[in-house]
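I have a structure here, written as structure tokens, and I will follow up with some questions on it.
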Amino acid sequence: MNVGEVSAWAAENLKDQGVVVARDYKFMCSSLGQELIQKDIKEQGLTRVVVAACSPHLHEATFRNACSRAGVNPYLFEMTNIREQDSWVTTDKEEATKKAKALVAAAVGRVAYQKPLESLLVPIDPNVLVVGGGIAGIQASLEIANSGQHVYLVEREPSIGGHMAQFDKTFPTLDCSACILTPKMFDVGNHKNITMLTWSEVEKVEGYIGNFTVTIRKRARDIDEELCTGCGVCWEKCPKKVLDNVFEAGMGNRKAVYVPFPQAVPKYPVIDRENCTYYLKGTCKACEKFCPTGAIKFNQEDQILTVKVGNIILATGYDLFDSHRITQYGYGRLANVFTSLEFERMSNSAGPTGGKIVQRDGKTAPKVVGIVHCTGSRDKNYHEYCSAICCMQSLKFAHLVKEKTGAEVYEFYIDMRTPAKTYEEFYHRLLEEGTHFVRGKVAEISDAVRLPGEEGKLIIQVEDTLTGNQLRVPVDMAILSAGLESRHDAKIVARKFGISCSADSWFIERHPKLDPVATMTDGVFVAGACQGPKDIPNSVAQGAAAAARVLSIIGQGEIEIEAATAIVDEVTCVGCKQCIASCPYQAIQYLEDKGKAYVQEALCKGCGTCVGTCLPKSISLKHFTDEQIVAEMIGAMKVMKSFELMEVA
Amino acid sequence: MSDRLTSLHEAIEKVLPDLDGVLALKSGPGGIVSPYLFSKEHPEELAKLAIWPKEPVPDTLKIILRAHPDAKLAIVCRGCEERGIVEMFKHAQLGLDNLTLIGLQCEKDEAEFCRCAKPFTVHAKTIVGQPIEGVADPLTEQVSALSQPEKLAFWKQEFEHCIKCYGCRNICPQCFCNICALEDEKWVETGRLPMAKPSMYHLVRAMHMTAKCVACRECEETCPADIPMAVHFRLIARDVKEMFNYETGADMEQKPPQLLVLEEGEYDRTGLPH
Amino acid sequence: MIKYENVLTTCPYCGTGCALHLQVLDNTLVGVLPAKNHIISNGGLCIKGWNAHAFVNHPDRLNKPLIRKNGKLKEATWDEALKLVADKLGAIKTESGPDSVAFLSSAKCTNEENYLMQKFARAVIGTNNVDHCARL
Amino acid sequence: MMHEPKIIGFLCNWCSYRGADSAGMARLKYPPNIKIIRVPCSGRISPELVLRTFREGADAVMVLGCHIGDCHYSTGNHRTAKRMPVLKKLLEYTGIESERLYINWVSAAEGEKFATVIKDFTEKISALPPFVETMK
């Protein structure tokens, strides 16, 4: 494109639009370029500035600041994109020049209607809400609490700990998961700056960065936390055994009054009303009778708490892919097909088998074990994404099986992904340990015998893609390395906190590379697997990162919020309430006394959906008013039409 | 006096003593009918009660209620007028607590005049006349069956006759804004006749009628150029029903769909790309 | 007592003679409704008829004659105003002859008013220069 | 009859505008007919804005936003998805080629999709007569 021509054209043809000076300078964003603008503002008394250059996403802030330094309100600056959206995408140089003229005319048309705006400053409440007490939430809470700020940690389950508390060993170091986790859990439970709210859920979030009001439902435990010492007599005496589908992944039992696992924090049990004999039949109360401190309180009521916080960290974790969905893998139908979580519990010495790896009958040790990677991941029928942890987890399983049973182990993988420090070394260790690696996606697991030697076995049907051979591998036990998926209620949670979900319902970060723990909603951060599949080290890193982001905001004391908000013209507003219903942020109120709508500036994010809705156009969006957009459009149209006329002539 | 008029007379007489007024139609000089607020002070005026031609009574109701928000009134309304009142309620333009609806059911010739699909009330507790089934709208079918160029030719010709009297806007029970986009130079070329080519007057108005038009056809009736603009509104209403399951005047709680988030399955019905 | 009624009248703007209702709420004019079963306008109005109520109570409406004195308009009595018009018309007629004056009447006026206008032009001033807005 | 169509694109700031930037960064080529106007959210685009753009002589209008579920403002684009199909229908009922109004979702990462969409759309609109001509 001929930028010089565009500049000269603008000086000549846009004079009547108010253009006083037009310059062509190659490095406008450099400090010299900025000084050039500032000099022109001062010498020529400019009140508006347009820069035609790269994308405003790159340098709008640069030029806004430059204008501001020269005394021109930053909102009186307009940037038009003649690089990414013109010269780089247009083949014909002359056409690109013409397009640039139209874009410059549009920006000049628009800038005349722009109005100075001032950003609003709001104070930051230093308290922080952390949602989810898994390892990411624990890390975030501790970082913040250690800095001296107060944290409300809300956890849905009776204890914090999350998935990590269920695991046996952690890859690749084979540390005992509980051994490294429980000290941190203990710290959280005893921290003077942490209010731990387990068996609780966030009901409602109102407000905006610095000033959230959060309503939390603390479900009735039926336990008086003041009196309970966590001695365990109640669950010893409780006569009702319940299959534990949550912590033990259906591999073991708990009682109707229970703590999910021995190291649970807090130590108080909960009474599971759905299974408690007293709640079902009206009699029993064994726990109450034997409790030495009289801490059992039947028919307790849920408590509704309201807390004020300035920032929120969501660390709500993941759900395990439901392996039942892949019917050809036979989970639930074939006894000796296990999920990864079942295996974790089985391998855990505190688990239902006391750490013995045995078949479903509870006693037979397997001689051959097959581990199926990518169950529900990297599969267009289920989840297209890679669950990130399965390869390493499967390698860990292979090692544990080998170590504990001496069985032959087959790993069926699509690709081996070990991209982190010492992960690849772990893979090599497994290769050396004699694990068989078969590259291929398992087609089917069945008990249908076709060949001799398959009797009583599970047969894993797979194409070895390295040799091109179809294999039938008879095994005693198959472990499905199930993928991670977003929480079943992730969308509801996202809506509650005003953030977005991807198509797979993972929470969306503000920027995938440069802002991985912030969200598009100011003051709401994400950490751990709720943002996408990740392993423990990454979850911990994100927990700490989110805490750092929050602390940096708290440190600022107050924060600037978007100036381009919506505003209602009270004279013309007819009070029809349509904008109120259309606002994604509940930022618009109805003033009963006046019968008019009113925008709460601090809540408004400036999307303008209300403006698109308002029929009399009584509501407008600052910096994106109808006048501004129409002027921009007319600016571009006029130039396009004039070129058309020239061509006809 | 027809049966319906007699019954209506009785129905009004029954409620009149307890109210600040009953809004109905009154026959004036030369038999010309207009809305009138009958009062308990002058029950004899009911002798001049009329039912046809129908008038935009919801609009009149709004005028009265804006000045007297706490008035206890009854209104004689046909199906379309009831829908108009419900939509005004949903747009916070009037309250229903102090309002009694007397539902006047249309007869076949009236329904045919209006090409009305729903010539009956659904919310009114007091009913006058027998509800009848809706009738076909041959004009809407006829226009929608035209080919694309035929449609354009049809509407260009119709719009060419427009004298921009704004009567369609003025008489519409759903046009209650304090200012109007149609009077804004940004959206419509104001103060110029004949209409610009292209002019967006009728299209802007049609968009504003989305999920709002109650199919009373008052606009068509008052149009000095006889532009059948309700055809547009009705075709769109059909789409809004199909895409978002929304019908004006039906459910008091249901909000207009274009304000709300997509419900399960709605996106697939919009015809937008995946 | 709330009083709402419609007063049937004829549109004052042109010679077509559209009927319209003036909407009167508590003795105040609040709007216009077209008259549906009227033989002339058949429920329609033009933009002027639709706004026929707007000038009645408009604060800018002139209620009294104004006479410009020293470049400023000042309120005057009808006698003063009429005398001024009569004097000026007389002077113009004397100075430049009767055909130097033209009379423009309006379709908005009644037949009687229009009759008076042409009679005044012909009999008093002595000119046939009479026209009206409907020819514009 | 082929001509150079005038196209205005309203693009949301967070996804589609960045998608257009991505196309540029990848140096993907597409016709210069489209002039992009940046808005915060596709939900900001009122039907009036689209209609005004047509009145101004545009041959086509594009409204591009974030994919449903990915809206920067959570659900702003839901309103786009409900408003714009109705406007398309209205164009169709009026006999205006409804393809002149184009709605699609382009994410910040979909530079390639953006370039393809613009290429195909410009070609399609070139085959239609100029909008203003059809309205005469």
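By written order: A, B, C and D. Residues from 1 in each chain.
As a convention for this text, a contact is a pair of C-beta atoms (placed from the backbone, for glycine too) under 8 Å apart; a residue touches a chain by one contact, two chains touch by 3 or more.
Only a predicted model underlies this, so the values are computations on that prediction, with no experimental measurement involved.
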Minimum number of chain-to-chain touching steps separating subunit A from subunit C: 2
Leader among chain pairs (count of C-beta contacts): A-D
Chain nearest the global centroid, as defined over all protein CA atoms shown: D
Chain centre separation (subunit B, subunit D; CA means) in Å: 34
CA centroid of subunit C to CA centroid of subunit D, Å: 53
Geometric centre distance via CA averages, subunit B-subunit A, whole Å: 48
Subunit B, residues touching no fewer than two other chains: 181, 186, 258-261
Subunit D: positions in contact with at least two other chains: 48, 52, 75, 79, 83
Residue numbers of subunit A (touch at least two other chains): 582, 584, 613, 617, 626, 630
Chain pairs in mutual contact under the definition given at the outset: A-B, A-D, B-C, B-D
Subunit B residues touching subunit C - in the complex, by the definition given at the top: 20-21, 23, 28-37, 39, 41, 53, 55-56, 60, 63-64, 67-68, 71, 163-167, 170-171, 221-224
Subunit B-touching residues of subunit D, taken from the complex the two chains share: 47-48, 51-52, 54-55, 68, 75, 78-79, 81-97, 103-105, 131-132, 134-136
Of subunit B, residues touching subunit A in the complex: 91-93, 176-181, 184, 186, 208, 255-256, 258-261
Interfacial residue positions of subunit D with respect to subunit A in the complex: 4, 6, 8, 14, 17-18, 20-21, 23-25, 27-30, 32, 35-41, 43-46, 48-49, 52-53, 56-58, 67, 69-76, 79-80, 83, 115
For the subunit C and subunit B complex, residues of the former touching the latter: 1-6, 8, 19, 21, 23, 25-26, 30-31, 33-38, 41, 43-47, 49-50
